[in-house]
Amino acid sequence: MNARILSSFSPQAEQGTTIPLLLVAGLVAAGIALLLIPFLGSQTLVDVTFRTCSLVILAASWNLMASAGLISLGHSAFFGLGSYAGILTANLLAVPFWLSLVIALVAGGVLGLSLALVTARLRGIFFAITTLALSEGLRIIAVMLPDLTGGAKGAYLAAASVPSQMTVNVAMSVAAILACLGVVLVFRSRYYYALRAMRANEHAAQMIGIYPLKYRVGITVLSGAMASLVGGIEVWHGGYLDPGIAFDLHVTIMAQIAPIIGGLYTIVGPVLGSVLTIFLGDATRLAFGHIPGASLFVFGILLVGCVLYLPHGLVGIFTRLVRSRAALSQKKEAVR
Amino acid sequence: MLKLTNVSKSFGGLKAISDLTFEVRPNQFFGIIGANGAGKTTLLNLITGYTPPSEGRIEFEGMPIHGLPPYRVAHCGIGRTFQITQPFAEMSVLDNVMTGALFSRNGARRSLRQARAMCDEPLRLVGLADQAHQLAGVLTLGARKKLELARVLVTEPRLLLLDEVMGGLTPHEIDDLVETLRRVHAAGTTIVMIEHVLHAIMNLSDHVFVLNFGRELYRGTPDDVVNHPEVIAAYLGKPLTEQ
Amino acid sequence: MTPLLELKTLQVGYGESLVLQDLSLSVNEGEIVCLLGANGAGKTTTTRAISGLIAPRSGEIRFAGKDITTLPGHERVTRGICLSPEGRQVFPNFTVHENLLIGSYNPAARQRRVEKLEEVYGLFPRLAERRKQKAGLMSGGEQQMLAIGRALMGCPRLLVLDEPSLGLAPKIIIDLYETIATIARQGLSILFVEQNVQAALLIADRGYVIANGHIAAAGSSADLSKAEFVQEAFLGKKPVAAA
Amino acid sequence: QETFTIGAPASLSGKYADYGNQAKNGVETAIEVWKQVHGDKVAGRPINVLVRDTQSNNATTVSLINMLIETDKVDVIVGPDGSNVAAAAVPPWKKQEDRPIWFAPGGSSSVLEEEVGVDPYFFHTYAWTYYYHQNTSQAFKEIMGADKKVAFIYSDGAYGRAHIDDAKKYFEEAGFEIVASELVREGATDFNPTLMRIRARHPDILYLLVQTNDAVQLTKQIAAARLDVSLLVGTAQVQLSSWQEAVGVQQECWTGVTTWVSGLKYPADEREPKIFPSAADFEKMWMEKYKRTPDFLEVSYYISTMLAMLAADETGSVDREVMKDWLEKQNYNTPLGVSKFEKSRVALHQAFGTMVVFQRQKQDDGSFKSVIVYPKEAATGDLNLCK
Amino acid sequence: MMDLLPQVLADSLLLAGLYSLMAVGMSLSFGIIRIVNFAHGEMVMLGAYGAYWLFVLLGLDPLVALPLILVAGLCLGWLLFRVVIVKVLEAPHLNQILLTFGVGLVIQNLVVILWSANARSTTPEYATASWILGDLFLPQGRVVAFVVAAALIAALVAWLHWSEAGRATRAVAENSAAATLMGINVRKIYALSFGVSSALGAATGVIVSFIITITPLMGFPILIKAVAIVILGGLGSVAGAVIGAFVLATGETFMSYYISDGAGWAEGFAFVIIFAILLLRPRGVFGQAVETHS
């Protein structure tokens, strides 16, 4: 039992084919709750749920790339592209809500594909900075093509049929559930082994037959599509878009913070991390929001604290707890 | 089975491999020795696609493989270990081996469960079964060398290239490994082995190839090699019997 | 007389693994001591512990009568322990001359810099010829000379050499050993790690053999080269295990 | 007990923190004054002010608006500031069936106006971009004549993009010749290329359409470039004390256009003289409290907050229909002029669109003063040409 | 527009000086400690505020304040290293980036709390004066900044190459373990180089204090630009950073002069170059062999 729980949390999961019951149960319960909240919850709950789901997807998407050793400093590129794909197709081609989401999804996938192909030789910090450049570059394009994007003045969603807020909220919940399922599937498939092997050592990975580009493309397409989808949904939620919002570094940073304080390279880490990040963000905003600068100041301190004192995230703590308990029980057995 | 024709490799001005021609026949146990920097590791890198040869042809089972990327070479049925071990540090020993099982030639058709089932045998063979759940990153050098071997064995290569797998092992472990390799060989795997542990390589190989400054110095049976004056001068220093 | 260097029941490890389990040895003033052991036995780890690159888990290191167990590495240099590390570790983008200059970074050595430079250049004329060349472009053997010369620049009382003959041509190895003997005659103590056991035992006064994390054998060079244990493990005389 | 709740989303951190702080000062001062004058209650209810930080972030703003309306059930919204943030607040507010009355004392972008449309609950208490340029083009035409060459510099940010089209339109209509209209990047390190291009066109009037940060740097670079222009004009920044302090003596001759500037002569209101003192007294009060003259956002936030409280108190109701009807009818004399709401280009409720053109002029004691030069009835001095 | 060419070149040169100093500090801490310091922009910001307050409160000219601020920057960098950075020396790149980002966020908002978000600038006389040489027009402030930047970079290079401590610093950069064996206190050198890097950042702040606008958020655009330059030139190389700065400054200036709306696209130029360089020469023009595994 312990080993099973452990495997679902720890980065070095082993029982590849067995999905622990607890995890399944937890996920199903969380999924049902997520789907019900838009209908039953209070406005605050609905709002927090929406933002948490949004961050969960972004964090999971970022974490997928990171799992393959691809550190993205420009996740807002995907988010922003998705947002623009959503709003432009809705405004110019009058596509309905669901279709615009599909388009955002595809756009993100295509951007991921191009990124993977273009950066096939880059790793580590070099890949990271390319993504940063990608995001800033897209922002400049959006700013400099006002006839298309509305430019810095921004553009409002002018769709003929705006779905109800509840529909948009449900869409985000569904997307979050699908994203988590997607991640679970990836982490329970051969992909998971390829990703970790690539992250550890692309050289050696090749020698046992892994074609890194194939998996790199796969993962950036998936990850890009996920992040783009969030951008697409957010546009229908916010109804307004400008380049600063779309390609905001804040999106990237949040997408990184969540997995790091949750637990990098794990399934539940980004989810836990997102919940905690949203909580900390709201708490600091409510507690210190009336003093200029204070809310981000406190948030910064919390962030620094998390990096210093939770180097392996919440999951790390949990794993250590389970480990030491397992060790304890083993010792007891040995005594007997 | 493996055939090199006039293969050369230079790094800038340095000619690490010059004009090598040799052939490894099916089910041979082919030993390679040579001084440090003679070009042995470079040779393996050439065969497995990590560095393209400057000149020459490399064929495997009649197919040219020079210029193929490493993963394609691996899919052809060639496995190798690294002299400087390259474990996937954040994965457990078992996961390391499983990765091998999943992505080898036939791996595509295997489920995770099947791949998992294939790992026990190689782990047992190299003596890592006890440590299957440890993180590869914390293994000792010797254990890492064993892991290298297990990870490549599980891919069921037809040609196995070993780069100093015995370095870092105790004499006792070396003896065990010699036995293991003998069995792998007997089961039909062709093996090319680079080794400084002389008694192991002399004992296992049926053919020994001596490399010196990137060139062939001599080749022959182990007994021929250890008694050849040039080999003694370039590599052994003194006749084996005097050592 | 208290020994210059004394290691008492030292335990050293990396991460979860313990490499040296209970190691004690000593080096007297003006003595040449060699350290033998299989690959991965912990020889390098011992030299790293002595020069403070890794902290022991327990045990004691005494130098010139003082406890230096917790002294940081750079301060040990000031006290007179200089290491020529495994794999040479020269500063590749520094010129040969700069490498030597940085060797006498510690204040005591800085005062004797000119004199020491002359001494090193005298010892290795090759370095003098190449003083303006970038160290990274030097041949392996030249880099090894540089590493030793650099360690000498620090005006050591105890010179620790980790596999100084690695990558050197046999002829240079002979030169090197003569040099080591010369240095020792000037009153310096030397602790060196060597794979080339025969040569090592020729110039060393005493030797230690590390196995399984402790000293498995110790004694004068003459005794050691006769010991069956050493012969089996290092001199290739062990009959191949008939399993 | 039920309260009268004012939701005040303000950008207290992030890139608009400067504006957010002014917004907060305006709202808080209004509450303070109200309590001194009318006691602790509005329409018989205790006052509850929720100042919330948008962090200059659009997503946060959307959540804030949703929560203020649905969870906090605010009776009015005052804010937010900063064009992007204000723009982002529109859709979530409009989406709510029972949206409360919204005072917008910040955003000037006509994109925002178009999106709000004829919504009856939207009350704009600040000038739209086109007011700026109607006023300046008219002022300069009357004072200098229209046979002048104008060059515009606008930023690629929301501010510049929102202004440039209207600016060109009105100056062209007034008969000016537009010789250059140069885009600059927000936060660029060097504006010299742009200035050199403009120098080649020899404009008489150089008009900046950029935010304060860029304006500070541009002002200094323009001074260094020794452009031969007769008039330097800016929009929002010229009356901001932060700009004035940052550029020091270089503020000489800069001309601005705004709703509020020190030295306006609006009288006190007779019914509520303490709530709406004369412009001069208001300034005095502000000087006592903050040791400086108020900035324009502070004034419009103050007045908007006051109007919200009066609407409830006078009608004795917090019903938005009742308040809206009252607001449509009221007209106070405020420090910003008469508070009557009228139709603007698109939107239904617009007050304080009257703008004045003023110039920073050096006084004998070496200090600088904003001299109002247009409209004539408000003028306190003449427009000087720059040397 | 060819007659503008001398002016274009002069503008490029002056801008390049500024960019060089922005990037060199950042490059230094990466080259020696292997840390991409995302709080470097905040060092610049603090330097600018330092210059501002000394200017406003004590009437000190920024150039007079420069030595004081260099020392203060050094101390602050040293302290920052000792208190937080040292704890992530061995951590993955990602944790380091996030940590320094968090530190930047804290500093930024601390400044907002202490001094508000108002825009500020220092106004020494040379900030708004200029020299005119024939057709050539040289803003004094920028010339001053260029001279200061050049002098500081020259001093840094001289220190690195000819002083004992500088040599030790380079040794640490090349091989920190071997440096210990030379008797060099590696931690101290790390702290020192982080301090020097911060001091250079603060010095950048001083010279931009009379050129661009001082706000709590001014650091981020500077950081992005510095990152671009450092990547262009190759991580960890001072010469590379200077060359990268020249490439970027020249490109931006030319675009602004010769392309309509070029000023708006100019920043895009940096990113196009980054892409091109990374694709053609993943280690930058002057890159040292930098480990690419994170």
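Order as written gives the chain letters A, B, C, D and E; numbering starts at 1 within each chain.
In this text, a contact is a pair of C-beta atoms (placed from the backbone, for glycine too) under 8 Å apart; a residue touches a chain by one contact, two chains touch by 3 or more.
Computed from a predicted structure; not experimentally measured.
**Student:** Looking at the contacts, which chains touch chain C and chain D alike?
**Tutor:** The common neighbours are E.
**Student:** Just grab the chain with the largest centre-to-centre distance to chain E, centres being mean Cα coordinates.
**Tutor:** So the farthest one, by centre of C-alpha atoms, is B.
**Student:** As a quick test, compute the distance in whole Å between the mean CA positions of chain D and chain E.
**Tutor:** 36
**Student:** Which whole number of Å gives the spacing of the CA centres of chain B and chain C?
**Tutor:** So the centre of chain B lies 32 Å away from the centre of chain C.
**Student:** Please work out the Cα centroid separation of chain A and chain D, and write it as a whole number of Å.
**Tutor:** Chain centroid spacing, chain A to chain D, equals 39 Å.
**Student:** So, what's the distance in Å between the C-alpha centres of chain E and chain B?
**Tutor:** 49
**Student:** Listing for chain E: what residues touch at least two other chains?
**Tutor:** If we look for residues of chain E contacting two or more partner chains, we find 109, 112, 116-117, 216, 261, 264, 267.
**Student:** Out of chain D, which residues touch more than one other chain, so two or more?
**Tutor:** Each of 13-14, 17, 20-21, 156 in chain D touches at least two other chains.
**Student:** Using the touch definition from the top, which residues of chain A touch two or more other chains?
**Tutor:** Touching at least two other chains: 143-144, 201, 291-294, 296-297.
**Student:** Name, in rising order, each residue of chain E that touches chain A in their complex.
**Tutor:** 36, 84, 87-88, 91, 93-95, 97-99, 101-106, 108-113, 116-117, 216, 220, 224, 227-228, 231, 235, 261, 264-265, 267-268, 270-272, 274-275, 278-279, 282, 290-294
**Student:** Of all residues in chain C, which touch chain E in the complex?
**Tutor:** Counting only chain C, the residues touching chain E are 51-53, 72-75, 77-78, 82-83, 85, 89-94, 98, 101-103, 105-106, 109-110, 150-151, 154.
**Student:** So in the complex, which bits of chain A are touching chain D?
**Tutor:** It comes out as residues 42-44, 47, 51, 143-144, 146, 150-154, 156-157, 165, 234, 237-240, 242, 244-245, 248, 250, 285, 289-297.
**Student:** List the residues on chain B that touch chain A in their complex, please.
**Tutor:** Residue positions touching the partner: 48-50, 69-72, 74-75, 79-80, 82, 86-92, 94-95, 98-100, 102-105, 107, 111-113, 115-116, 133, 135, 151-152, 155.
**Student:** Using the touch rule from the top, collect the residues of chain A that touch chain B in their complex.
**Tutor:** Contact set of chain A toward chain B: 11-12, 14, 16-17, 188-190, 193-194, 196-197, 199-201, 203-212, 265.
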